[in-house]
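One structure is given below, encoded as structure tokens.
Per-chain numbering from 1; labels A, B, C and D assigned in written order.
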Amino acid sequence: MGEFHLAMISTGGTIEKTYQPQSGELRNETSVLDHMLAQLETPEVVIERIALMNVDSLEMEENDHRLIASTAMETSHRANGVIVVHGTDRLAVSGDATCAAGTPGAPIVFTGAMRPYELRNTDALQNLTEALLAVRLLQPGVFVAMHNKVLQFPGVIKDHDAGTFVRSTD
Amino acid sequence: MGEFHLAMISTGGTIEKTYQPQSGELRNETSVLDHMLAQLETPEVVIERIALMNVDSLEMEENDHRLIASTAMETSHRANGVIVVHGTDRLAVSGDATCAAGTPGAPIVFTGAMRPYELRNTDALQNLTEALLAVRLLQPGVFVAMHNKVLQFPGVIKDHDAGTFVRSTD
Amino acid sequence: MGEFHLAMISTGGTIEKTYQPQSGELRNETSVLDHMLAQLETPEVVIERIALMNVDSLEMEENDHRLIASTAMETSHRANGVIVVHGTDRLAVSGDATCAAGTPGAPIVFTGAMRPYELRNTDALQNLTEALLAVRLLQPGVFVAMHNKVLQFPGVIKDHDAGTFVRSTD
Amino acid sequence: MGEFHLAMISTGGTIEKTYQPQSGELRNETSVLDHMLAQLETPEVVIERIALMNVDSLEMEENDHRLIASTAMETSHRANGVIVVHGTDRLAVSGDATCAAGTPGAPIVFTGAMRPYELRNTDALQNLTEALLAVRLLQPGVFVAMHNKVLQFPGVIKDHDAGTFVRSTD
């Protein structure tokens, strides 16, 4: 069986936050995606890592969203699937921008986390596992995979009270 | 949005093995699925638990496979999706038997683990997460979800050396 | 064999911080000591929990230190041992105040953590395990147990760069 | 402050057992002590590792116990402390043999585990943490540190029903 060429674009966000003992804060400093991937079995997948930026999504600006959208769209024409790891607060803005940037050649799946991987009760591993499976099952399009759900852009928003994504018409 | 009615059939197997300090062995004694489910976010899913049997799959007999197949098939006509948690050694036998038992009304997804949940480096949470997502994305049919792959029965076998499932024609 | 009556005084601090998904911050909100104690085997110990305050040690004031000192001292005359769980930034101030408050009737052992228990790579369980053993081995006195060391007050300071406690004359 | 020279003798036993996916058994195959030590903060300690044997303690013979005893005793005259990691079933036999082998020059602390480190709910880290602290606090002698207790040889036996060590006169 052929291998599946997966491109994984990281942008920062809660999922990768690490703890700074001196200040007692959580910051985006180092990528923890490698630690997560090392725990998962993905025998047929070759992963190309693209460290695009390392920005808390609350601080993302218009050109950040545009860069994420164009990178994901271009990559989808040379890979079998694309995962974008993104802070949840502005994930839907990048998702909509990616939709507006063209017609993808492969599934583009956004994911993130409400609680950093460094926490004992994180949702990061669940969400990354779901994105890794969704990208193999879906047709070309732009999606978010998180909390046992896959939703297709456009028309997806974050429900801040529930801490998860929903369809805007729900 | 409506809720998704998921039926989860447990049969025993490695995924649920627990450690016996007196004997130093791993045995199928108690269900650990509840502990795993408590760690996952599944906000739209109502899970019906069906504890069908608690048998190491190496010790399964013909009538065990038949009971699993008929229970999964019947349940698929009253639920939105069915997950069968099964030992990996004879999982493919139950999968084939389920295929032969009729036409499912919803996706039936088998899963299991090579290393029990009680182990630090288990694959149980990954596989259960994948089954929970696959059952929401797939059309009616009989599948195994494990190790970042979904394969459709019939025609699936366990690759004992690699410790995972593959298509029999690979 | 008789039981060991241990009094455990909690005051807040990093060890008990939990994550707030809405704000992305770590705060002193709930006690996590019960979760830690549930993971440790302490067959001969009866633990009396005293939730004295829930204050980040950087915000402790003079009367907080006095209350901690007097409570620890009084408790040491009716228990076989006392553990005080304390934020590390001002732990030495409370330790010195306890020394100045009298002559203890049992060992009083301060402990804390540089990284909250909620983090995957916390030092909280190590330090609590050490305090629980130290309190059973030591003579009456005031100590800090942390990072594989036991130091006796007075004369102990936090080495902020190393993130641990040392003797002030080192 | 000077460094503490700790010699750590490993002999096999439950604490180091790892899972074999092909057979579904737990075996003494590789040392997991390094993984445990990497999680603990021991800033003043230099650890000399002595991999003496790798034997399930139920299969230890007379000359195994003699070798453990003589090695521990000799090492105690050139180190500041000695830890012996040992299977619990025959730990007391090695402890008594060490007592009979001479007068130690430093504390010799035996420890082990009822549930392997590879298990999620292991007692291995607790017991190793306790042994590492006990060896720094105790006077020369032969001890077992486990489950929040330190007991001195001779006169220590395993209570098989309780799964822990007790004084033989209790």
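Simple rule for what comes next: contacts are C-beta pairs under 8 Å (C-beta built on N, C-alpha and C of every residue); 3 or more make two chains touch, one makes a residue touch a chain.
Keep in mind it's a predicted model, so treat the numbers as computed, not measured.
Think of each touching pair as a link: the shortest run of links from chain B to chain C has 2 of them. Of all the chains, the one whose CA centre sits at the greatest distance from that of chain A is D. Mostly identical positions are employed by chain B and chain D in their mutual contact, as over half of the interface residue numbers are shared between these two copies.
Taking the mean of the C-alpha atoms as each chain's centre, chain A and chain B sit 27 Å apart. Rounded to a whole number, the gap between the C-alpha centres of chain B and chain D is 40 angstrom.
One simple way to say how far apart two chains are is to compare their mean CA positions; for chain A and chain D this gives 45 Å. Multi-chain contact residues of chain B (touching two or more other chains): 121.
Of all possible chain pairings, those that touch are A-B, A-C, B-D, C-D. Only residues 14, 17, 19, 21-22, 24-26, 114-121, 160, 163 of chain B touch chain D when the two sit together in their complex. Against chain A, in their complex, chain B makes its touches with residues 1, 39-45, 121, 123, 125-126, 129-130, 132-134, 136-138, 145, 147-150, 162, 164, 166-167, 170.
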